[in-house]
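First chain A sits with chain B, and in the next complex the same chain sits with chain C.
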Partner chain A sequence: MSAVIEVRELSRWYGLVMGLNNVSFDIEPGLTGLVGPNGAGKSTLIQVITGQLQPSSGSISVLGERPWNNPNLLKRIGYCPERESLPSELKPRDWLRSLALISGVAPRSAGAMSEALLHRVKLDPAHWDKRMGQYSKGMRQRVKLAQALLHEPELLILDEPMNGLDPMGRQEIAGILSGLAKEGKSILVSSHILAELESLCKNNLVLNWGRVLATGSRQDIRSNLKSWSEQLSVTCDNPRKLAEVCFRAGVLNGFDLTEKEDELVLRIREPESFYSRWTELLLESGVTVYGIRGQSRSLQQIYEKVTQ
Partner chain B sequence: MALIDAGYKRVECLRTGIWQRRGVIAMNSLRACLEVPWMRRFVTLAWIMCLVQTSILFLVGQLLVPGGVIGDVVKGLGGPLRQITNGLMAWLGANPDISVHTIYNILFFFFSTILSTVSYFAVALALPHLITRDLSSNAIIVYSSKAVNRFDYVLGKFAALFGVLTLTWLGPLCVAWFLGNALSPNWHFFWHSRVALFHTLIYVGTSMVFLTIMGLGVSALSPKEKSTVSVWISFWILGGAFVALGTISKGWLKHFSFSYNLEQIAIATFDLRNEIETAAENVPGVKQTIGQFLREPELTGAIIGLSVMAAAAGAVVWRKAKPE
Partner chain C sequence: MSGPPRQILETTPRVMASPEPNFLGAFLGLWTMTWKSRLTWRQVARLFCLIFAMPALILLTVGSGAEKAYLAFALGFYQFLLLPISCLSTFGPLIRDELQADTIGFLITRPLTRAKLFLLKFLCLTLWMQILFGLSAAMLLGVGLIKQIDGVVSMAPWFLLAQVLAVLVYGALGALFGLITKKYMVMGVVYGFVVEVGVGMIPSNIHSLSMRHHVQNLLGNSDLAKTIMAKSDLVNLSSAGTGWAIVAMLFATTLALVGGALMFTYREYHHSDEMQK
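Right after this comes the complex of A and B.
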């Protein structure tokens, strides 16, 4: 599958400050999450992808074209910026209609298209005739998302699209994004709400200090972090004995005896070698096991680990 | 069951060209400008001036041709008023160069300069609706993500302000020219007044281009509406102060005033010096009353001054009218 975004040795400086530092990665079709703390370079990367910033060095290809100063490419990209970007004195239908016309939609179709999209982002028609200055943040987010979808782009770039939405709204927007991905659109979505990205995105790109720290699926990222141990929670009749046997075998980074008397948390050094000896170690310890629960890493934990 | 179909409806549509897209940016901004109540008042004032000018052109036309409405009215008059009017008509008839060429030229110069003041106010009112609000609302980020580049965006805004000035300046003058000639007793007036129209188009057209570029520059200076309007008004008033200063000290200081520079272009374009000299040779008192226009226009300084201002404004627009 060919990448929708290919970035090679890309850097972007703001004077002496480096926004992106020699990053290289590919983004495949589908839903991809862009994760990183404030100042990580997410917005810089998004601005470079959408052609609003010129790279200082390196190359970037979006849908096979260079994005800088390329309106033809912008016809194929939808962009939902993080910042407030709605003219407060306008009504959403009028604004979307204008943007549709600017995007090249014929006048007779622009109105219908705008209304279809307002339905799509689930903005209540009762609010369509209000000026956007009167809107709540969540409503404005929906209009911003609608404008990004206006010209039926192949690639959607969404910068913090869930900001300001209530839980139900987030779920609705996540549903819309999943639906769009199923329709074959490629979507790059950045967010600080990592739990949502974890359930939403197939792949993730972790940025910090202008560098790519990790890329790929959650499993890929986890397997790349060999020094970072898996955790296994075991409930048994003699946790100390089991911990001693495993520790002596050299397969642990450490262990924790919890407040519960019969529970032990093992911090595994290398999952493959640990699980190949796990049955043997259990037999050697002679403990009676009541339960085993794997503590797979959430994206939040991965994110915290790689951005430390 | 949902009352509305919330599914993603693909709307099949024809795609439009870049000029139409630029036109949308222009029309949106123009509409926003015209929604300002004071802007509508200034546009109305400009068109009232158009009617006044049309009326004057009508009266002049009737005076110039024997058998016109004025002639008929005069026949019914008695006493000295009839003698004066008859004398004026006879003199105008005997001096066709002055009566047609000069009078029309002076009238169009006069109304062009009056409407320029109306237009400076109109620019002040339009400024927030050009680039300023797009910067303050960050809507410029969204525009820049659509299939138009910065040049298209700026061109659209240029067309919007040019449209405002057409409504307050060039439009009323052209309509007055057409109506004034259409109401004249002789179709030859269209031909005889062509020079005045040509001068108007040259002067007002050039001024509108300079004024639009400068207006866009000020509009892009700040995302705060009050700031941009204040800068424009200050720019205008300070220009007047520089003219006063230039009269008593260094003359080039006068070219810091865009209104002074535009006035110099008007004097040079309408060639009033030549017109007034011709009139002064034939009409007593002309030299004393409008002798100020006998000064040679400072055209080179005016063009340099306006070019520098336009270049600075263009640089501001190019630097600020972008999302970065």
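Right after this comes the complex of A and C.
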């Protein structure tokens, strides 16, 4: 099965701030979750996929096309942004009908289609004649989802579509997304809560600090995240020196010097290669070690730890 | 309405298959958004002022047959000040309003080129402003008749032509300024003083850069307006023909729109400081 989204060595900077840092991955057809805490780079990635932002370097292909300024591709993509803003003076039917017309739907079908989609996202018809400025967060999410479906896209990109929904609302949206996936649509859905997507999506992509921490099935993610989350707490007489040696050796994702002057927490990149060199690194640093402590967690705990 | 209409749901996928965007459909969609978001109870006072305030003021303050006072309102204030400033304040936020309301993402991810989207939004807002100013101008000219101003009827076609072109050109400039800077009103006022008034007063060909100068030339086709404007130190009528004035205003509109479309096409829009009010 060919990938719907192919990303290779993609980076995106905002001035000096790095939104995405040299990420590479493929997204296969079906329902895929994009998980990461706020500021992880999810929205940046989604905006690059939907052609709102250009990559600073690297390449991206969506349904075989480059996304930046490409209306032909936009015919095949439905996008639901994270922000809750909707035109406050408009009613949902009018707004959806207008967007349908802009997307090329025939005027005689646009109205009926808008209503059908409002039904599909389960927005109570009692609210259809209210201006969207009066809508709750949950109602806005439903209208936003409806607008993404207007032109029958092959690929749906949904940025935090469950934000602000109550548990029942989340379940309903999850049901709608599953239904769309069964109809053959590819869906990329983002969330900052792993548990929210874990049961819904066959595959997930975990982002943090603008980097891909893990991709694949739940099992793949578990093993990937573990490698990211593998930490070693070392108490020694010169933690700075030890950190410097390990960092120079390229075996760390990062390290933390704790408030207690003699404690160092090492975030290990690849446990196997790290432990094969650990003795050598200790000897090279020349530090006196007082204690070493490893850590192990559940998937959710690991996720929380690596994305905190 | 109770429950989903099964028939619609069942037929929807067939109706939705591969829609092909077209200019007219997109115009209709954006036009609906434009007028429905502007014709609201909240905006009634503003619309009422724009249409009725000036005619009411003339009706109350100008005496019968007082041509000079009438034209001071109808040209000096309405055509040369109120109209350009209204266009600037309405067209400046053409894209910026979407940015600040954070709704731009819904539009720029539709299957239209950004240049087309910008042009369509401009056309929809132009249509809206032409309707508003058309109503206002009709009231204004009607008040001229009530006040027994000689030559109002013969001035009307030139007045309306100048207004239609002025809305176009000042609207396009306003939209461009709005894309260039958040402080588009300041930029517009500076532009107004320097180019429209300053350069427009220079008695050489360079005054063609001033759109106000072309509006004056168009209005100069009316004897009533020409007589009064000729007495003013602020007016610099040239011998250039009506055709040149129209071409110059349309050319300036095109130039501003091309500039705006290019800026809108190549600028990235994301959740940044620029979106904040």
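Note that in this section the second predicted complex is superposed on the first by the 225 of 308 C-alpha atoms of A that agree within 3 Å, B and C clash if a C-alpha of one lies under 4 Å from a C-alpha of the other, contacts with A are read in each partner's own complex, and residues count from 1 in each chain.
Here, contacts are C-beta pairs under 8 Å (C-beta built on N, C-alpha and C of every residue); 3 or more make two chains touch, one makes a residue touch a chain.
Keep in mind it's a predicted model, so treat the numbers as computed, not measured.
Following the overlay on chain A, a clash is recorded for the pair chain B and chain C.
By the document's definition of touching, neither partner reaches A:38: not chain B, not chain C. Contact with neither chain B nor chain C is seen for A:2 once the two complexes are overlaid on the shared chain.
By the touch criterion defined above, A:119 lies against chain B and chain C together after alignment on the C-alpha atoms of chain A. By the touch criterion stated above, A:279 is placed in contact with neither chain B nor chain C.
When the shared chain is aligned, chain B comes close enough to touch A:179, but chain C does not. Common to the chain B and chain C interfaces on chain A are residues 47, 50, 52-53, 69, 71-72, 74-75, 77, 79, 81, 83, 85-89, 98-99, 101-107, 109-110, 112-113, 116, 119-120, 125, 147, 151-152. Contact residues of chain A toward chain C in the complex are 14, 43-44, 47, 50-54, 69, 71-72, 74-75, 77, 79, 81, 83, 85-91, 94-95, 97-107, 109-110, 112-113, 115-117, 119-120, 125, 128, 147, 150-152. On chain C, the positions that touch chain A within their shared complex are 1-5, 8-9, 11-13, 15-22, 25-26, 28-30, 32-33, 36-38, 40, 42, 101-103, 105-114, 265, 268-272.
Those residues of chain A lying in contact with chain B across their complex are 47, 50, 52-53, 69, 71-72, 74-75, 77-79, 81, 83-89, 98-99, 101-110, 112-113, 116, 119-120, 122, 125, 144, 147-149, 151-152, 179-180, 183. Of all residues in chain B, those touching chain A in their complex are 4-17, 20-21, 24-25, 28, 32, 133-134, 137-139, 141-149, 152, 322-324.
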